[in-house]
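Letters A, B, C and D name the chains as they come in the text, with residue numbers starting at 1 for each one.
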Amino acid sequence: MSAPKKVVLAYSGGLDTSIILKWLQTEYGCEVVTFTADLGQGEELEPARKKAELLGIKPENIFIEDIREEFVRDFVFPMFRANAVYEGLYLLGTSIARPLISKRLVEIAEATGADAVSHGATGKGNDQVRFELSAYALNPDIKVIAPWREWDLTSRTKLLEFAEANQIPIAKDKRGEAPFSVDANLLHTSSEGKVLEDPAEMAPDYVYQRTVNPEDAPDAPEFIEITFEKGDAVAINGEAMSPATILTQLNEYGRKHGIGRLDFVENRFVGMKSRGIYETPGGDILLEAHRGIEQITLDSGAGHLKDSIMPRYAELIYNGFWYSPEREMLQALIDESQKHVTGTVRLKLYKGSAKTVGRWSEHSLYSEAHVTFEEDAGAYDQKDAQGFIQLNALRLKLLAARNRRVK
Amino acid sequence: MSAPKKVVLAYSGGLDTSIILKWLQTEYGCEVVTFTADLGQGEELEPARKKAELLGIKPENIFIEDIREEFVRDFVFPMFRANAVYEGLYLLGTSIARPLISKRLVEIAEATGADAVSHGATGKGNDQVRFELSAYALNPDIKVIAPWREWDLTSRTKLLEFAEANQIPIAKDKRGEAPFSVDANLLHTSSEGKVLEDPAEMAPDYVYQRTVNPEDAPDAPEFIEITFEKGDAVAINGEAMSPATILTQLNEYGRKHGIGRLDFVENRFVGMKSRGIYETPGGDILLEAHRGIEQITLDSGAGHLKDSIMPRYAELIYNGFWYSPEREMLQALIDESQKHVTGTVRLKLYKGSAKTVGRWSEHSLYSEAHVTFEEDAGAYDQKDAQGFIQLNALRLKLLAARNRRVK
Amino acid sequence: MSAPKKVVLAYSGGLDTSIILKWLQTEYGCEVVTFTADLGQGEELEPARKKAELLGIKPENIFIEDIREEFVRDFVFPMFRANAVYEGLYLLGTSIARPLISKRLVEIAEATGADAVSHGATGKGNDQVRFELSAYALNPDIKVIAPWREWDLTSRTKLLEFAEANQIPIAKDKRGEAPFSVDANLLHTSSEGKVLEDPAEMAPDYVYQRTVNPEDAPDAPEFIEITFEKGDAVAINGEAMSPATILTQLNEYGRKHGIGRLDFVENRFVGMKSRGIYETPGGDILLEAHRGIEQITLDSGAGHLKDSIMPRYAELIYNGFWYSPEREMLQALIDESQKHVTGTVRLKLYKGSAKTVGRWSEHSLYSEAHVTFEEDAGAYDQKDAQGFIQLNALRLKLLAARNRRVK
Amino acid sequence: MSAPKKVVLAYSGGLDTSIILKWLQTEYGCEVVTFTADLGQGEELEPARKKAELLGIKPENIFIEDIREEFVRDFVFPMFRANAVYEGLYLLGTSIARPLISKRLVEIAEATGADAVSHGATGKGNDQVRFELSAYALNPDIKVIAPWREWDLTSRTKLLEFAEANQIPIAKDKRGEAPFSVDANLLHTSSEGKVLEDPAEMAPDYVYQRTVNPEDAPDAPEFIEITFEKGDAVAINGEAMSPATILTQLNEYGRKHGIGRLDFVENRFVGMKSRGIYETPGGDILLEAHRGIEQITLDSGAGHLKDSIMPRYAELIYNGFWYSPEREMLQALIDESQKHVTGTVRLKLYKGSAKTVGRWSEHSLYSEAHVTFEEDAGAYDQKDAQGFIQLNALRLKLLAARNRRVK
């Protein structure tokens, strides 16, 4: 890789990415463009602008954007159409944000004439893979600088020394080491590392930042209704809202009722296991509701096919292959299935869980006339079941006869 | 089908199967053998013996058996090794009991020289399919009599008239129609029909029979530990127990904490949708715990393969293909994966949910040395990630370059 | 089912469907509309018109159509995009024609005010299922009459008696029984039954109707080039042609070189095995060519995903579920993959086989710069493979270490 | 990686691995153990012993073994039980040999106290991955030296200079560059690189080494019979043979009739496409025969499940994951299916193709009584098809009714 001349950095404004910013300037001697995004992580962005300016970034090289709507509309919602969960339980909150960040990094690089992008992910995790695969898929000639894989600032002490030597302001609470590491966006907050590294030990209460403890949630359940159109949530309790507003609202419901906590040991793409604490308050509610509306609007052929490809789809997102032909092919399949996933679900929220308790739709495939215990009105002839069973049994009978014969 | 001479009836001792018993005697003029099993449904069996005798069944033709251990050991546990859920949520409580009942029906037929079996499932449901596919798979020459598909007793009134005409005792509470229909065994209780037929309407509280309402569950969480060996639960809180004892105990924990309720609309194999209320108190806990122990004892290759075949495995059980080559092939795959699924999980039970909060095992694949945020002790070279990403990205770069070129 | 008043019959003009025509008139007393399609089966259609008139069908009730282009464009080509083969070998020649015939039957029923459709498929085969599932999927209220499952004309003798009694002309060669049964269309000819019923016996030479014996094919190979656009063949040897023309031409190449013969035992959807002789001269060439062009234009992610869903897609078509949400979902996935499947393949045709010997495309992903044995020009850094292998190996090392530890 | 002290080298006796041998001695200063295996590649092994001695290897450090039987019995045959083909066409001839070589390397390392293994695969191909993943899976502490990724002998000239400088004898025909690169074993010969690098160009005739040109094959077909037991070939024309003998014989049949040639562009695991010419004379015959015997001995449930997992199984072998939990899980599934895959297949071999023309077995599931066109003897009631179709159609009707309603 020839030396990069201008690099777009995914910049949070925090200590670590400020150090990276400085390190890029000093180590590579290259011009730095900063990109700071509001993905719903719950932090002010303007301080990042100030800090970037302080570190010598030209105003025209500072990009600060609210991309929450794009995030939910084009990434979170398409993923939820698939009911995607990784390894049975994880809602992919971190994974789904990376491709969008990379997309903007690459676009800003093209807009500013930069030839490289850079990120603050470590060499042990999945995020480096997700950032970089996305970047390369969008621009095969882009260079990627991953400082954590390159530099020798491999301890907290060395980082702080570098910061001091380079006049990077250090917030008081960053002097000591954080007891765990955090990622957050509108979909979730994840915590991992340090105090969480022993998977036998229960996570301490202070790790949870996004939800109340179920024990502290209201003692009475709350009921809400979510309306879907073609697989996407469009209204809560009858009130139409934008994608990001819906997720924000559901997060608030989830937070209040202690919904969406997950203590999880997962398999990283890079080959090791890690333990994380995830909080996905709105996401858990949304997943339950989406399943609820699919129950009456998808037929078994569509539903079972979706179920069977879901693990692969989730794995692709987890591993960083959002911008891959196979993810796009699976998305085409999933989106094709959602044409009639329109209707409303009622949920009960109570002390840590969200449960579907009712669902209705103009597009419903549920037929009381067929299923009723009452005497038939001709919709279904029970005698048909005889032939259905006989022909389904035929191969089993032939097998049984063969197995008898050769024994 | 030539006329059956002797038929083994799955006999509960209740009104409906007593009517079937009589109907078989009068309609087919054949000798009836009754089979009444304790699958953990929570009913006394001896009354069934008395009633069978009353209806003229010879003592040697009355079979009453406690098959709870076989049920859990050979059916429930193998299924839980797969983390099987149907359509994302249903734990297959009814489905998994049917093959065992059919197996005993066929075995008793062979032992008593009967040439037919009979069951009380209706012509609209899945159970007829499960009973009959299992029977034919075990004995290709067996005849199956499904009275509900044959007779003209198609209303409550006609059934009661038939009962009265044939001196079948009718319990007072059976005079009126039940407000819904119930199936129960050690794994679960399901309720469906009548008051539950509108999927938009919340199920009334009195439907739930096996669990307390989460609102009425204890206000303090309870923590338990489940130990697994090769994928099967073998102990609770360090105390070794038989399979059925473990499930019984977990049911009690679940009942108390309101765990395992599911309001569900599913796709029946026979082509229609139906709505059911399921209670699987111990099953929900067991599934969560099994996932917990797999998190540290299965590697990603094994886990992801299991996840990808699970929906098909669950569908096979749901559809009645327990005794099919493909279920057995999938079971071989699943069992192969469980050799090291040994260890202990700690769970928090609280107001409707069971959550893993810790897990440990001699067989753990989790390596703190690899995942730690601390400085590396050489277990993992972060620079390896560079090559890993480059080669994973290569095809994406080639795609991006091609797509640019042809645009 | 209430009695049908007017029925659209899939009418070949042959003896069997003429008997059905008469039987519908006499048995059901209903008006009959005939539909005779040119699907490339190689028979004149006008005799069918004459015969229908002779049997009393009104001119406005006789529909004769050449649907070869629609057949290839909307059914055969979409299927070939998937490289669909059933049970490893069968190119689904019969299966893929049925949905189109049903579609026209239903459309003609709607146009003529008919309330039923009828077909000449037997009660043992797959075709009845394919016809009827398609019809019901397109019009849930349509009635279907399947005479072979209803009538008592269950032997050749009875059929001929019925024909004679009803003045249906019987061609001389139809007096005796055909030695096997044939289905044909532009994609294939299949033969089954009678002399072919013993799968141990080699099929006699006279069964093959569509291809020369490879031993009699030319002694010199012939080379042809097929050009694809977005997954569909559009030209042969540089000459652009319509879909049906291309398939017709490929059939001629295949016939001449003895390509596309298959002696096969398959699993019918209705539960039994059957043995068939298939001839798919053009189809075999097309499949080979499509694979050839995909080799350079699809990347591994897309190709492997396609391969993994193909068996399910083929099974759906075989079983008659062309008009099902899951087939449409899979088609969406497949079509998404074909955007760049554009280019040309050279094939060698010789004595029974068609083999790709060259392929090229503007859309090629093949990169000589990357794969070359020559010294690298920087496209690929061999050292990257080190990290790639290390991280792929990590979980295997952790497994090996665990397995050692617990032994 | 600390410096290795003693290394086991996969040694062919050829120029390249002799250079590696010397380079290991000089560069790493470590003791070298050589392993030369007869995998059926058709070369004398004793010259390798002589050359190793000449290069200073102690007699006790020279391992020369005939592992053909183990290769076919434990690797080739298990793979053929799955009908495994990679990307639709490739029989995995190279891929399947690598795990066995690695196994012996690791075992010899353990036996001789070596701490490393080494191979001659380049940094661009799949073989490095296969060798190394296998080695790490069998011994997590083994070191692997891959000279082609490390050294600076990156051109033919440099290699020859190194050889001369180190007194390594150079055969005359190795002075110039080979026009392509070859891998061979009992299952196949592959050729790639240089003259084959343009996938548009037909491979020159001299590339093929293992089969006659179909044009030069006998003008008369030859018929052979292969007998299987539990999925493995055990006899040809009624004569029982060992696994390796069977494959050797089939290779001779295939060579003579020009069977098993494949011109292929594939996706390497390392991300690029490559073009190869494969010759698998016996393998092509064996695959066709195995499919033939499965046609009558596997039921549809087993067969379709096998088909659906086959692409993943093949990909695992291709990518080097033979020793992985998921390959072993899939093998358990496959082996479970083969219990009754016993019987005989007759094949016609003629000018480039092997085709099944008959098959029979005591374990056959084919039932003439069921499939016959003759009047039924009661084995099958055609009226059952009515109910079978109705219930399969039910969801399609409900869909059609819904879609009408909401339009």
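Quick note on the criterion: a contact is a pair of C-beta atoms (placed from the backbone, for glycine too) under 8 Å apart; a residue touches a chain by one contact, two chains touch by 3 or more.
It should be emphasised that the depicted structure is a prediction, and the values quoted were computed from it without experimental measurement.
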Number of steps on the shortest touching-chain route linking chain A and chain C: 1
Rotation in the CA alignment of chain A with chain B, degrees, nearest 5: 180
Duplicate of the A-D contact set - from B-C, A-C or A-B, the pair where over half of the pairs recur: B-C
Whole-Å gap separating chain C and chain D, where each centre is the average of the chain's CA atoms: 32
Intercentroid distance (Cα basis), chain D paired with chain B, Å: 42
Sites on chain B at which at least two other chains make contact: 267, 270, 272, 299-301, 304, 312, 321, 324-325, 364-365, 367, 370, 380, 383, 385-386, 388, 391-395, 398-399
Chain B-facing residues of chain C, complex: 299-301, 340, 362-365, 367, 370, 380-381, 383-388, 390-392, 394-395, 398-399, 402-403, 405-406
Sites on chain B touched by chain A in the complex: 83, 87-89, 122-124, 128-129, 132-133, 136-140, 146, 148-149, 154-155, 181, 193-194, 197-203, 214-215, 219-221, 261-267, 270, 272-275, 291, 295-296, 299-300, 303-304, 307-308, 310-312, 315, 320-321, 323-325, 346, 350-353, 355-360, 364-368, 370-373, 375-376, 380, 382-383, 385-386, 388-389, 392-393, 396-401, 404
Chain A contact footprint on chain C (complex, rising order): 267, 270-272, 298-299, 301-302, 304-306, 309, 312, 321, 324-326, 328-330, 332-337, 391-395, 398
